Structures are given as structure tokens and as C-alpha cells.
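Here the structure is laid out as C-alpha cells; the discussion comes afterwards.
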Amino acid sequence: MRGRSNATMAQLRRPTYRIQMKTLDLMLRHHPRGDHQHTADYLEALNALEACAAACTSCADACLGEPENLDQLRRCITTDLDCADVCSVTARLLMRQTDAPNDLIHAQLHACVLACQLCAEECEQHAGMHDHCRICAETCHHCQERCNFLLGEISASGVADPESDTAVG
Amino acid sequence: MRGRSNATMAQLRRPTYRIQMKTLDLMLRHHPRGDHQHTADYLEALNALEACAAACTSCADACLGEPENLDQLRRCITTDLDCADVCSVTARLLMRQTDAPNDLIHAQLHACVLACQLCAEECEQHAGMHDHCRICAETCHHCQERCNFLLGEISASGVADPESDTAVG
Amino acid sequence: MRGRSNATMAQLRRPTYRIQMKTLDLMLRHHPRGDHQHTADYLEALNALEACAAACTSCADACLGEPENLDQLRRCITTDLDCADVCSVTARLLMRQTDAPNDLIHAQLHACVLACQLCAEECEQHAGMHDHCRICAETCHHCQERCNFLLGEISASGVADPESDTAVG
Amino acid sequence: MRGRSNATMAQLRRPTYRIQMKTLDLMLRHHPRGDHQHTADYLEALNALEACAAACTSCADACLGEPENLDQLRRCITTDLDCADVCSVTARLLMRQTDAPNDLIHAQLHACVLACQLCAEECEQHAGMHDHCRICAETCHHCQERCNFLLGEISASGVADPESDTAVG
């Protein structure tokens, strides 16, 4: 017995969410050289990327913990691992807004959209059997949308090539 | 002009937060071999770790974007980079709950508590000058607390050594 | 005095290189579902990616340790950090050869070629002043070449579209 | 046919190894604030860490590609994934030598020694069946030794506490 009541734990728990949401928001808004025109879009994408990286890492591990039919989850695990890695690095690039390299961000977002799409499609096939695959598929799908949306927004307002729209289907 | 009203953007924006919060929660609760006794504590720590990794990555970049006195932010940038890396990998280990290796999780949480403490102390010194350092210091401090709390909880309930408490000051 | 002679240290040191080279080579050759047609190309790219990720991490840190003119190294540090992250994740994807997703690997290699190119160009501008920038520029350049070469090889032999060549200039 | 002779490919291949070895060495030796007293030890550990991270990533993937008895490789895959992540982040911390935080480096090396030990022990159990597990076990074992050795060296010469020796069994 460590002397912590449930009430205390609930109190400790609640602020976390608020801090986390505010943290990303505040950091981007206080960035001395942030892309303040698109802060809301970056924030959307970043939240989706972090949720997706977490869901994929957890889904791969949950698959490995399934007592039966692990054979059928091989591809799900590998796409989870790829997607987690790609989302994590894409988030890091989006957070770096000092001298942000537009071409690289486009290319990395494009790779990320593909990773999310592949992982969503694979996880969907196991969604009926495993809740973790169902939730992961939804999270990947949402992340794919947010990254694709951001890709469109920053392409549409790009100085170098304002007419192009490289958003991926 | 890309024909998206603010209303649409607000609609797109709101679900993200809800999905992100629910995602981690749902993934842990649906994990076939999760440590369900401590789900709330893991969730707290994971949310704090992800916020801290993001804040540190963003703070390092914001420091590099400051127009003046970059010289004084060298150590802040390096502690930010270390803390971001350590928090990210600690989160990954905590998410893997299949055959979770207790000793390794303890050691990694211990390293993470130190990384957060060092980064909080360094960022606090620049909190009066830079809002990103102030927010980052608070986020590191919160993460240090949540990791330390989890360290205490899983030590207190450990099968191998139920009496030990390796929580770090 | 810890009682280790220089001779012992030299003995300890030498095998590392041999083990490291052999490790990647052996792992790929013993992979049950590896792309054995292109093992040499993957190995080249993987070695270059790991060297590049290490050089960029070290160059960013060395820049932060320079006693003078840190102002002029801002962009070098941010491109170093981006390039290190992108190379690390690209290497992870290339190492995963079970059900390797061709489209994703192409897109990630493409992003990596851009990251290396940007970082090589930026580091070259400081090569006359700082040896770490000079070495990092060479390493990035080499990595760009190896990733671009692999991109060409796997495109040329791709089942889905054998005639296409998406190698980047 | 892409018009590249085997001779050209061999020429392209050979320099990689040389560059990679020289890269880490040169970067540490040209670091303006590197721990030049221990460069050889850092170099040993860094080479071992990168080989180990690569071997573990590849071994996890090779396990997932094994046609039979995947069930028995669950724990091998999860320890591989943990070890790859911990080795990668430990290498990043060791490469950052500007204002290197001694306590954090000790704690992270300690966690890494545990990760390598766990993974070596698990992979050894499958070494008779799978070459990738055998090679991975050797690589983890070597990395554990090099990190433990570095831990002893930097503890022995630490300014703050020159008598302590925190090297792990």
C-alpha cells in the first residue's frame, strides 16, 4: 500500500491531457520562426502523427501477445513497425520550423501518407478479430488524412510553386 | 484560396484531440497481455513522455531560431536533444507490454527521470527570456514526476521484489 | 589505474570494425525472406545511411561546441538533425525485408536523397572552417549517391513496373 | 540492363566500409569539445551500438519471416525491438559530447547493458535454429561488453566521483 487514494490519482491524471494538448499548441505558437499561417494544420498533423506512432508501436506489440494465429499477423506487425518509425520521424521534421526545408517536408509527408495507408489497409483486415487492429487502422487512416491535408495546404501556399498540389490520393 | 471554410477546419481539428487521447487509452486497455493493474499510471507516463519529447524537439529548434544570444542557448539545445531522444525511446519501451522486461524498464525510466531533470533545470534558466523554454521546463518537470511515480508504482507491485522502491529523488 | 594495458585495448578495438561490417552483411544474407538479388546494394546503402546518421548527429553537436560564430551554423545544425533522423528511419525500413513495401521504400529513399543533398550543400559551405562539416558533407554526399543508386536498382527490377526509373537527380 | 559492370559495383562498394569506419573516428577526433581522453573507448562502444541496433532490427524482421514456429519467437522479437531502440538512443547520447551530462550517460549506458544482456540471452536460445539469432546474440554480447567497459572507464576518470565504479556485472 503506497498511500495514494484513487482521488489523488484522478487528479494527477487529468492535467496530463490538458498539458499535452496545450504543450504542442503553445510550443508552435511561441516559436520565433514558426510557420504561423499554418499552425492549426501543423498541430492537427502532429497530433495525428504522434497518436499513429503510438498506436502502431502498441499494435505490433499486442499482435505479438495474441495467443493464437500469430502467423496471420506477420505483415500487420511489419507494417506497424514501419509506420511507427515513419510517423515519428515525420513529426520531428514538422516540429523543426527554423529554416524548414519545403522539398524535404513534402517528400517525407508523402512517404508518411503511404506508410499510413499501407498500415491502415493491413490492420483493417484484422479489425474484426482484434480491437487493437481496429483502433490502429482508424488512427492510421486519420493520420493519412491529416498529413495529406497538410501536404495540400503547404503546397497551395508555397512560394516556390504556388499552383502545384502534390497531395496524394 | 483552397475553398475550405474555417468551420470545416475547426471540425477537422476537434476530433484529433479526442482520437489521440482515446487512442493510447484504448490501445492499452485492449492489449491482450497488458499490465492492466497499472494502465492508468502507464497512460499518465506515456502522455507525459510524448508531450516532453515533442516540447524538447520544438524547444531545441526554437532556440536555433532565436535572433539573439544563441551562444547562451548551447547547453539548452543539447539537453533538449538528449531529453527528446530518451523520452521517445522510454515511451516505446512502456508501450511494449508483451513479456515486458521489468529490470530494463526500471533502468530506462531511471535514465529518463535524469534526462527530464537536467533539461528542466537548464530550460528554467531561460524561462524568463523565452516562452518556449518556460513551457518546455514545465513539460519536462511534469514528465519527470510521472516517470518517477510509475517507477514507484511498478516497483511497489513487482513480483520479484515487492518491498523495494527504486523511485528516484 | 584500472589495469588494462594499451595492448589489451587495441585487441578489444580491432574486432569491432570487423564485427560491424560482417554483422550487417551476415544478417542480410541469412534473412529468410531477404531481397538476395540486391543484397550488395542494400548493404552499401545501409552502411552509408548509418555513417551519415552518425556524422550528422556528431556534426550538429560539434557545431554547438564551436567557440565562435555559432550564429552562422544555425541552418547547418537543423539540416544535420533532419538528415540524421531521416537516415536512421530509412535504414530501419531497408533492414525490414519481410513483405517489404516497395512504394514506401521508394518514397522514403526519395526523401532521404533530398535530406542528404540539403545537408551536404549546407555543410560544404562551412567545410573550409570546420573539419566536422567537411567530413559530414562528404558522408552525406556518399549516402545520397548510395540511396539514389539503390533507388535505381530496385526500380529497374521492380515487378510492378519494370521499366520505370524513379532515381532522383 | 542498367549498364553497370560488376567491376563498377565492386568499386562503389569498397569505399563504403572505409568511409564508415573513418567517419565516426574522424568526427570524434575533430570535435571541438570531445572527450579526447576516451575517444577510442567511445568509438568502440559506438561501433558496437550501431552494429547491435542494426542486428536487432534485422533479427526481429527475420524472425517475422520465418516460415515455421513463429510462436516460439515472440519474446525474441520484442527483446530485439527494445534492444534496437535502446542501442540507437544510447549511441546518440554518446555522440553528443558538448556539455555531455555524465549522470545521464551512466544511466543510459546502464539501461543499454541490460537491454543487450536480455536480448543476447533470448537470441542464444534460438541460435541453433536460426543463424540470424546466433549472429544477433553475438552482436548483443559484444555491445554489452563494450558499453560496460566504457561505463567503467568514464566512471574511473569522472571528476565528480573518481573512486566509484558503476560498471554492471
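Each chain gets a letter, A, B, C and D, in the order it is written, and its residues are counted from 1.
In the analysis below, a contact is a pair of C-beta atoms (placed from the backbone, for glycine too) under 8 Å apart; a residue touches a chain by one contact, two chains touch by 3 or more.
Every value quoted in this text rests on a predicted model; they were computed, and no experiment measured them.
K.L.:
Quick one: point me to the chain whose Cα centre is farthest from that of chain B.
P.N.:
It is C.
K.L.:
Looking at B-D and C-D, which one has the bigger number of contacting C-beta pairs?
P.N.:
Answer to which pair has more contacts is C-D.
K.L.:
Using the average of all C-alpha atoms in each chain as its centre, how far is it in Å between chain A and chain D?
P.N.:
28
K.L.:
Could you give the separation in Å between the centres of chain B and chain D, each centre being the mean of its C-alpha atoms?
P.N.:
24
K.L.:
Roughly how far is chain C from chain D, centre to centre by C-alpha average, rounded to an integer in Å?
P.N.:
Taking the average C-alpha coordinate of chain C and of chain D, the gap between them is 16 Å.
K.L.:
For chain D, jot down the residues that touch at least 2 other chains.
P.N.:
Those would be 61, 64-65, 74, 78, 81, 88, 92, 96, 98.
K.L.:
Which of the residues in chain B end up touching chain C in this complex?
P.N.:
60-61, 64-65, 70-71, 74, 77-78, 81
K.L.:
So in the complex, the part of chain D that touches chain C is made up of which residues?
P.N.:
On the chain D side, the touching residues are 2, 9, 12-13, 15-17, 19-21, 23-24, 26-28, 30-34, 40-41, 43-44, 46-48, 50-51, 54-55, 57-59, 61-62, 64-67, 88, 91-92, 95-98, 130-132, 135-136, 138-139, 142, 146, 149, 152-153, 156.
K.L.:
Touching chain D in the complex: which residues of chain B?
P.N.:
74-75, 78-79, 81-82, 85-86, 88-89, 92-93, 96, 98-99, 101, 103-104, 107-108, 110-111, 114-115, 118
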